[in-house]
Amino acid sequence: MTTIGILTSGGDCPGLNAVIRGAVLKGATVHGQEFVGFLDGWRGLVEGEAIPLDRPRVRGLSHEGGTILGTSRFGPFQGPDGGAENIARTLDRLGVDAVIAIGGEGTAAASQRLHEGGIRIVGVPKTIDNDLDQTDYTFGFDTAVEIATEAIDRLRTTGNSHKRCMVLEVMGRNAGWIALHSGTAGGAHAILIPEHPESIEQICEWVTSVRDRGRSPMVVVAEGFTLPGMAQAHSTKGLDGFDRPRLGGIAEVLAPMIQERTGIETRATVLGHIQRGGVPTAFDRVLATRLGMAVTDLVADGQWGHMVALHGTEIVRVGFDEALVDHKSVPEHRYQEMRIIFG
Amino acid sequence: MTTIGILTSGGDCPGLNAVIRGAVLKGATVHGQEFVGFLDGWRGLVEGEAIPLDRPRVRGLSHEGGTILGTSRFGPFQGPDGGAENIARTLDRLGVDAVIAIGGEGTAAASQRLHEGGIRIVGVPKTIDNDLDQTDYTFGFDTAVEIATEAIDRLRTTGNSHKRCMVLEVMGRNAGWIALHSGTAGGAHAILIPEHPESIEQICEWVTSVRDRGRSPMVVVAEGFTLPGMAQAHSTKGLDGFDRPRLGGIAEVLAPMIQERTGIETRATVLGHIQRGGVPTAFDRVLATRLGMAVTDLVADGQWGHMVALHGTEIVRVGFDEALVDHKSVPEHRYQEMRIIFG
Amino acid sequence: MTTIGILTSGGDCPGLNAVIRGAVLKGATVHGQEFVGFLDGWRGLVEGEAIPLDRPRVRGLSHEGGTILGTSRFGPFQGPDGGAENIARTLDRLGVDAVIAIGGEGTAAASQRLHEGGIRIVGVPKTIDNDLDQTDYTFGFDTAVEIATEAIDRLRTTGNSHKRCMVLEVMGRNAGWIALHSGTAGGAHAILIPEHPESIEQICEWVTSVRDRGRSPMVVVAEGFTLPGMAQAHSTKGLDGFDRPRLGGIAEVLAPMIQERTGIETRATVLGHIQRGGVPTAFDRVLATRLGMAVTDLVADGQWGHMVALHGTEIVRVGFDEALVDHKSVPEHRYQEMRIIFG
Amino acid sequence: MTTIGILTSGGDCPGLNAVIRGAVLKGATVHGQEFVGFLDGWRGLVEGEAIPLDRPRVRGLSHEGGTILGTSRFGPFQGPDGGAENIARTLDRLGVDAVIAIGGEGTAAASQRLHEGGIRIVGVPKTIDNDLDQTDYTFGFDTAVEIATEAIDRLRTTGNSHKRCMVLEVMGRNAGWIALHSGTAGGAHAILIPEHPESIEQICEWVTSVRDRGRSPMVVVAEGFTLPGMAQAHSTKGLDGFDRPRLGGIAEVLAPMIQERTGIETRATVLGHIQRGGVPTAFDRVLATRLGMAVTDLVADGQWGHMVALHGTEIVRVGFDEALVDHKSVPEHRYQEMRIIFG
């Protein structure tokens, strides 16, 4: 009987619980695996704090946001009990044979180091920003896009009534996927992403052209977007970050600039944490459930150092090392595909 | 044949279009009335800019947010063409016999003055904050509460995952109705409203007590709430206001104070304009439709200087002068009813 | 210390859990009451099967549909252990001092009998159909209306695309409140309710007139509506009923009749059980929470034989006997108010 | 200047309007194309009934369900004006240079024949059932899955309260994609699809096993599922079909069988037409917009006889002939992946 410890690390996102449920249901039924959950990400693993995870415990979890295991910014090489050797001893003491780490780029990097240090570890990729390479989509992203799109739908009616320009700031520190998809879905007149600089003059040209057609301009901006020459002070840490006091986002920088230059009353909205909470979309629940089920096969096959990923419609296996080579930015052709109809 | 001019004034809210539709459908069918719509609130009336409103024009409007007539901060006594006498001439020139003004307290006051000046005018009360006296509810409020409640549901899962205190700022400059209802619906651990001062010590006591029970504290605060001794600088103008540059709301004041005093990581979210846009709830559509239909009876009966209102489950008639006597604040017993279970 | 037993009886509806939570939170905090929950409605009371209800048990319940206590069609005078005397002994044995019964008309009638038999019992009115007299609204109704309205919004786009007449059947065996409100909110072209007969000729006239204006007709019908002369065979038991095999509703009767007489392709949808499940609206959560909190005051005051109810914006107290005098049907003026714009 | 005629054929689904909008916006801006819309699918093309489609006409369409062009079951080889030669003359007369046909398998087959007959035609794949080969997903499918998943979430709470087995019938005549995805997302205990027979004994075994664990069984069944030995009478025409009077679906066949064999009270819900209407999800809006934009490139490149499709995250081009080789059924490994945890 294999006992597996699961942990969720980094910023939470909708679908984490569905991964946990999928793993426990399939692992128990098909592979005869048993499960425990480490609390608060790597902290629970390092400090040996775990709770039993059986079928009744994961009941009904597929539609619950957040993570029942908690999460934190703690790293596995942190503190006196960190590091591969100590962790190996802790796992041994707890009777845990293998680890499933659900997390983002940092988690994959740490998992790879632990794998190299001899820990039997596999992974499930997680980033609400969708910026992990080697997987078509990460769970949580679709939910965030849906929430942002609903916000655009709402802002549009009030913008039109008041003939205002509305600027919506969505998540995306390094990659503009949420802005690109929600802006496309919501019919935004300009989408601003970290990968592609746009000048304030260009932005105001789009805004003015929309107003001149008798409509109310809608601008969607990723939190990591910067104007040329602007220090990235506002985005040193985003919603995932834990240290940064909230000083106002890029939307609150852009709105007065647009208003001053175009003469159009402009209002900023920062969507913030509501993008990462609540009931996941069906898309994210399906993806998360499938990833959770598939990762138990990695353990059964002893394919350590690998994570599961989505290619097209199929779940595949990818080495942590491959996943870490590149960041998944919005490719230029995807941005240009939409930019051509801005304004 | 009576021709009626409709206008929507002040901040928009979900249900305005349903009022317009209800009035046009019933007025045309039952009373043989015809309708035009003045553009951008009082401006359209003062400047004589109107569009025809017939049945095809209002088709499908019950579920559309905003107002197809536009709205503005313009007042009817403003400019060279303002005032009762000028407006009487303009109405005469346009062949408009009576006016339906949909708006808040300011609109009711202006309507009363115009009524005293001889204009045949009736009204429909509108305030998303629900702070108009003489009506149990105003349309738009239920939608705002629903949106705020969904935000609380979302923030709760991410708050729990990270063991954070979440502070959500909702609308309500002078009255805390949205905070009270959404906080009640969302199971908030503290609800802060303009009508009732609470000290930062008391707030932190609630927050700490929640944490000590192993939960993540959820604080809902109305934008008009102030701490004792705090100048109300942050709320001189709220979402309804048009002049104020956005400088950060009360949530962004409270969050760091809570974090510092309790040691609990605390995050602020300002819900902002998304509370006033988008598809109205069924409750608001029904209320708005009924008010729109009923206000055409006021015109048919020549009951000038009155507005329609909701008492229990029935639509009644109220004089503008009665409606203006008092503001509808959250009564102390309603606040205490909830406060007793805070923390 | 008073110990109170809570039970939920009859068909479930969104908000039951919020009542339970509100009662436990306030009762414990303010009145020092303790709570147990009887399982499966009156069955749990009669058979003495109860679970403890403390604060942690009701955590997070305000947004959960259904009832954690279960419900059934069992009556308190049923079986060898039923009746006031036996129940008094059972309560005594369990150490339960008073009973809160959450239920509809049948529950109120049974509660009144038990009250007359000496049981210390108070009540919370519950009917998703909103047909209980002495209260402006019952919780669950707003959620059902919202769900039905969303269904109308969805059916409209597909109806328009195919130029079909869509017939939607909603709940309402004896009262047409859900049909009236959702039909109003959704802009239906005909609303058919049990309280008001309409001939198939009249219905087809409305449908044809809509088609002639180039639109796709939308008909909303309450399950209890019958055509003149039609036996009410299809509605002997509705969604609340437990015995009836599902034989097709009134929508499935009307659709082919409309299609045959008008030549317009017509499709029926029976919304069914999804109207009574899932997350309650904010309106229902607030109402349910307030009722749950207020009913503990009835116990504290020893006001047996009474239930709490909504009058305007306030929670009031009503004797079971008063509540049982009348059914709350849709009044003729409310129906005519809408009927005037049908077609 | 190229003039393009767009048509939407077959059953409607959410996203059609977003395709139209995407094509018009990009075609006009990038390729200098002009657009007309044929009304009611192939009928408008055959009878030469078209409306102009310019930028203002497609404004705000990305979030509107249905199709502004209407749709019908008419085929292009039907009637005296049908067939490639007649259509070529009609296009010539209207000054239309190329056709974009948005439709399913039948539309692709007809388009291929017209292409072979010399018509300059390209396509966009559309099937709410997701059963078209050569594309990872079709738009409308994600929305249908989301609606079905919400229904499961709602049914679950009422099922649990009453300890009932709930059977939900969703769309899917030949392919069980909607059942598979919504059942996975909603945590169903059994998913029944046309591709995979299951006996009533097996189904009841799952249902009983769920009940024995103290839970309420949830069964999701695609409309095209049949029990072994059962004639497929109930599904000769599904929701897409236009002739069939609605006689009760497979859910209404299964529910009484389950109830009789297991003794568990069982209720059927047929979701029906609400699955294909209303606001599309953000996923579907993005996919539809991208397909609409990309199909204008096919015209610009003169790549007749091809349609656009989704492979992974990219839009690609596929010949109608390739698309017609196979149906996209749920592959056995995808079904087994979930079946393993049924019960």
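Letters A, B, C and D name the chains as they come in the text, with residue numbers starting at 1 for each one.
Assume a residue touches a chain if its C-beta (ideal position, glycine included) is under 8 Å from a C-beta of that chain, and two chains touch if they have at least 3 such contacts.
As the structure is a prediction and not an experimental result, all values here were calculated from the model.
Taken together, chain B and chain C share no touching chain. Between the CA-based centres of chain C and chain D the separation comes to 35 Å, rounded to the whole angstrom. Centre-to-centre separation between chain B and chain D, using Cα means, comes to 41 Å. Once the centre of each chain is set as its mean CA position, chain A and chain D turn out to be 29 Å apart.
With touch defined as above, residues shared between interfaces to two or more other chains in chain C number as follows: 153, 156, 279. The full set of touching chain pairs reads A-B, A-D, B-C, C-D. Within the complex, the chain C residues that touch chain D are 8, 11-12, 14, 16, 40, 64-67, 70-72, 147, 150-151, 153-163, 166, 242, 245-246, 248, 252, 255-256, 265, 267-274, 276-279.
Those residues of chain B lying in contact with chain C across their complex are 21, 25-26, 29-30, 59-60, 62-63, 136-137, 142, 145-146, 148-149, 153, 156, 181-182, 184-187, 215, 279, 281-283, 285-286, 289-290, 293, 311-313, 337, 340-341.
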